[in-house]
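In the two complexes below, chain A is the common chain; its partner is chain B in one and chain C in the other.
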Partner chain A sequence: MKMNKSIIALFLLPAVLIYLVIFLYPTLRTLAMSFYDIPSLSSQFAEWHYVGLLNYKDLMHSPYFVSSMKNVLGIWAIGGVLIFAFAFLYAVILASKVRGTHFWRSVIFLPNTVSAVVLSVVWLQYIFNSSYGLLTTVFRRLGLTALADIQWTDNEHIYFSMIIAFSFGSIGYFMLILNAGINRIPGDYYEAATLEGASQRVKFFAITLPLLRDVFRTTLVLWTITAFNFFVWSATFGLDDPHTVTPAFYMYQKVFGRGNNVYVEDAFNVGSGASVGILITLATLIASALISRLFPKDRLEY
Partner chain B sequence: MRSRTAKRIGSLLPAYIPLYAWLIFTIILFGWVILASLSTTRDIFTNSLLGSGIHWSNYSGLFKDQGMGRYFANSVVYTVVSCIGIIAVAAPAAYILGRARFRGRALASTMFMSALAIPSILITIPLFSVFVALKLTGSVVTLVIVYICTNVPFGVFFLTGFFSSIPKEFEESAAMDGCGPIRTFVSIILPVAQPGIVTLSIFNFLGVWNEYFYALIFANDSSARTLALSLQSIVYGFANTGNYGGIFAACMVVFLPSFAVYLFVSKRIIAGLTVGAVKG
Partner chain C sequence: MNKGSRAFATALVSTMLAVTALAGCGSSNDKEHSANSNAAANGAAANGNAGANGNAGANDNAAANDAAANDAGASGTTDAAKLSGKVVFWSMWSNTEPQAKVIDEAVADFEAANPDVDVEVKYNGRDINKLIKPALESGETIDVFEQDPGSALSNLKDHVLKLDDLLAQQGIGSDGKTVKDSIIPSLLGWVKSLAVPAGLDEGYYAIPQQPYAVLFFYNKALFQKVGITAVPATWEEFLADCELLKQAGIEPITFDDAYRDLFIGGYFGSAMGSDWTDGLVKDTTGELWKDPIVSQFANDMKLLEEKGYFSKKIAGNKYPAGQQDLALGKTAMYLNGTWLPNEIAATAGPDFQWGSFQFPDVSNGNGKGGRQGLSFGAQGLLINKNSKNVPAAFELLKYLVGKKAQEGMASQAVAIPATVDSTWPAPLEEAKVAFQNAKSNMPWGFGIDNGGDFSTGTVIPVFMELATGKLAPDAYVTKMAAEAKKFYAGK
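Up next, the complex of A and B:
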């Protein structure tokens, strides 16, 4: 449709300005900052001191940062397996002939709509509580004293406890995407297979799984982006426990931690925080490209 | 026939076990928290919820002593103003991208798509410096601006499809009646695109109400704090003084508004979420 140029400009301009000021400019500025030593958040450009790749080199030698990278890779792997196993299980169940699919979908998606702070408090103060908590009560009833005595939130367990609690709140979203992907597969394929005498198992492995490849790729990329930017639960669940620190939380602590953080021995440098942001973004891009390579786009059209 | 139905139900039985397991876990979780939010700390620790009756004081204490009313009001302002602002900026842009043909349209679409891939961690440091320079940190306005701006790209992306599917006869007949383009957009196109706008606003409501990262950085100030952020500091204080009933009551105050919205519109949320995601 043809439209007056001034109307196009008027309607489009605010959104374009926001893109330039809120997305493009800060991205480029963060990239530039990562090559400088910057003494404070309000420093003028004149106070910046060019250091080349030194910020990146220092990060690689910082034990805190290295362990935060290990933490985030563990969250990606363990949380990924947990979330995908449950999401796929429920997606398959809800694509079968069970009754009340809308109700079940809503119930499984419910935790995704709850504030992470609320979920963290409920898991920390109720489920994992060592005196009246759900886990300890259930295990004690069953007579499993060894399990009932586990301190879920101590240094040794908090990392896994956090991954479990976080995964519970994320399953619903991935379930919805996988479920929609399964429902999109045309029924004719299954009918034809049934006529040929294929069993449920054969149909699942020969039709459902191969045709879900594109959906698997999308969900895996989405999960990788979520996991690599893992921040909120480190702040609400792990609090300051070094076992739950991720690169994103490390950056927050370093730049915005207002002096009460565990990394006080590192000199304050905004540029170093910027390079953490750049590294996370690079890691996300590389991982997404790798995933697209591993699951090439399906040329099957249906 | 009958035996076949019985057989079908029998073969589906294993499918219901995980579903009911999830349901029971969810009910125990939220049911226990509701009861605990009305109990005393002693009742909670002796595993006899509501043992000494219902204590609404857990809730009234939050508003009287912890100033939760103020944080609640803050969160309502953040959510409502952001939801309106996002639509005000994103809808006109999406309308142009969905309907007008002009040079640079592909570039503009790519731009908004690329913004979806930029992690918030990448843009926060420069944004914070800008707000420091403008002396705006810790004010309600800052977080509203941040919420509107960071949600515009997704809004444009989500609404473009809705606008492009509207038949162009709407504009043609409006033009014949002598309606200018702005009036056509506001009084004819927007009402037609209402389902998309409502769904997007529901997403934005839940997203902003539960948002944590930007709130922590831009509004960690007692006057501008969001409800979710205040929950964290209230819980921290109550855990030290041993007011566990208060902890769970505070959880309910944050949880209930989003739950009420979800109860009414869960169908819409689920349909809207799966539209864009499966296309890959």
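Up next, the complex of A and C:
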């Protein structure tokens, strides 16, 4: 049946309108805000003060913001490797029909159901704590005093401690997507390979990985978005420590203030926060484009 | 109107005009030198030794206002019975906290005296800090609300009502004193000093309550055990006490990540005052970091680290891990706000003997620091500028800062009463000395946080390198000077 073009437009209209109102308008407004100095989130337009690219220039000059960008790239890379290594491992193990698949899958996914704030308190106060934390206690029992004495949350370690704690909570989510992708691959391929005498390793690299490319590409984009918007863990782990601050948390500080007092000159600049938001959006778009370039989308039919 | 009273009215009007003119002069002077925080000095001085610097004028002013209010019977001063309608109060406490109970009692008293007024209290807890601004901006009915005056005046300045008239009214249960005279003067002076830097007209926009000060809190039992009888007044005495504690196997000092700034600021504030410290973190050339006092600071911190006076755990302490060490008797001292005894009461237990002292005097300073400057503040009660029921809101506010409610806060919530002549809670008895010493207010962090991103991104982490022995004192000075220059290069 051939549909009238105007009917198509009519059916699309609600979705397009909603998209324009709740996505495009805020984005454009944020873009506009990033060129102004704005004293508060709800300031009237009359209170906005046009500063051109100054907000962006200031950001580039602030070592605090620059370190936040370095931090987030590190989180993306290190956290990405950690998460995907474990997520793949667990997904493959679960797909191989071990006993109690459902149970293990639930266990691995469990940390995702706990609020990030609660998880970070657990890690900070019960695992990394240097007097009665899990790590200290275990290492001391084992007689490894050098390891037991490590301050897991000091300036040198807090960044990696945060990545480990965060990755722990995120593995389950990506494992679930990858596992679903693996289960979709028809069993015939594996049977044929088994008959030909292929090992588990060969089957993983020659069948699972190539057929999982599309799913992996999607999860990678998802991970990139998650990593670039890394926020809660930065706030709970470091407060405003430059070793753990990320652009998203920096944006929050700029927009909502940071325990400010009247004597701090740059306590509030919503415009600067908006610039950070725009930079995060741009970075996400560029990263997604790069990922699409690296993993071209050729539909695999099976 | 007969001749006599007309003459009186004329005299009154001319007195008031004169006083206003004087106050005008005062305020313009104030503006000149209150770019920072010293305006509070005036208020604090009024504490007892008046006449120091033009306070007489301020007192006259209050008296004149008072007289005017009584004479003209203005603005619903005492006719409480006439009040009616509804008052909505947004509190910063949650209804499980002891403070809420005290507020409930005050509201009950208010409603008993004003049967026609219906009070609605919303206990927001500290979520109020996120909720209040959007709520006020969207026009929600809120008459009275609680906020930290510093952040309220900078964030909500379009929503706050000037309360000067209220302060001239008679307080509740204050033995005939005005509200103004019933509240600790240094607190009122401080609240007043915030208005102009925030871009408001000079005046009072918040009634202070729940005052706090930043002090060293210590475990008295541990001090007594090692034979320390008096609190340290100077840095040298402080070091000697640390040595005694250390030799007895007690960790002298600890702090948490959330309060790292206090230790740096405390030292500089004590040596040079908070205006200098403010200038230090805002110095665009980096030259100020080469001042001998910075080098002295760096060497003193190295000493604390080398001798083991700092707990080894300061590097990794995540709030509240460090303050738990104090509560558990592992560490002797912790620099914090006066809310600490209440905050860790559950771990410390009822038998914990609390003591407190001001940051000890550091030598070779510029004479502007010392114990006359105190980093103190308070929570505040504010009235919405757009309140539809200002007279009733005024009246409710008077009950909340009345003597009975304030003493309730002291006895039930280990809070300092904002009213004068009230009994302080036992764990904070020694903190009273600091409030009496205070002549000028230093902002939170003694000014060290005023550099914004520079403070959080550079000052505090580089201090941690110093305090954990990873950076030598000379290297600290060089690094800070270079970092400051680099940070401000683009500005």
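Keep this in mind: the second predicted complex is superposed on the first by the 265 of 302 C-alpha atoms of A that agree within 3 Å, B and C clash if a C-alpha of one lies under 4 Å from a C-alpha of the other, contacts with A are read in each partner's own complex, and residues count from 1 in each chain.
Assume a contact is a pair of C-beta atoms (placed from the backbone, for glycine too) under 8 Å apart; a residue touches a chain by one contact, two chains touch by 3 or more.
Quantities reported herein were computed from a predicted structural model and do not represent experimental measurements.
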item	value
Touching partner for A:4 - first (chain B), second (chain C), both, neither	first
First (chain B), second (chain C), both or neither touched by A:62	second
Greater chain A contact set [chain C / chain B]	B
Partner chain in contact with A:131 - chain B first, chain C second, else both or neither	both
Which superposed partner A:42 touches (first chain B, second chain C, both, neither)	both
Touching partner for A:243 - first (chain B), second (chain C), both, neither	second
Contacts of A:169 with chain B and chain C, given as first, second, both or neither	neither
Touched partner set for A:79, first chain B, second chain C, both or neither	neither
Chain B/chain C common contact set on chain A	41-42, 125, 131, 256
Chain C to chain A touching residues, read off their complex	36-37, 130, 133-134, 137, 150-151, 153-155, 194, 197-198, 257-258, 278, 282, 312-313, 315-319, 321, 325, 443-444, 447, 449-454, 456-458, 460-461, 464-465, 468, 483, 486-487, 489-491
Of all residues in chain B, those that touch chain A in their complex	8, 12, 15-16, 18-19, 22-23, 26, 28-29, 32-33, 36, 44-45, 47, 89-90, 92-93, 95-97, 99-102, 108, 111-112, 114-115, 117-129, 132-133, 148-150, 152-153, 156, 168, 171, 181-182, 185, 206, 209-210, 212-213, 216-217, 228-229, 231-232, 235, 239, 244, 247-248, 250-251, 254-255, 258-259, 262, 266-267, 269-270, 273-274, 277-278, 280
Interfacial residue positions of chain A with respect to chain C in the complex	40-42, 57-58, 60-65, 67, 124-125, 128-131, 151-155, 157-158, 238-243, 245, 256-268
Interfacial residue positions of chain A with respect to chain B in the complex	1-5, 7-8, 10-12, 14-16, 18-19, 21-23, 25-27, 29-30, 33, 41-42, 89-90, 93, 96-98, 102, 104-111, 113-118, 121-122, 125-127, 131-132, 134, 137, 173, 176-177, 179-181, 184, 214-215, 217-218, 222, 225, 228-229, 231-232, 235-236, 248, 251-252, 255-256, 270, 273-274, 276-278, 280-281, 284
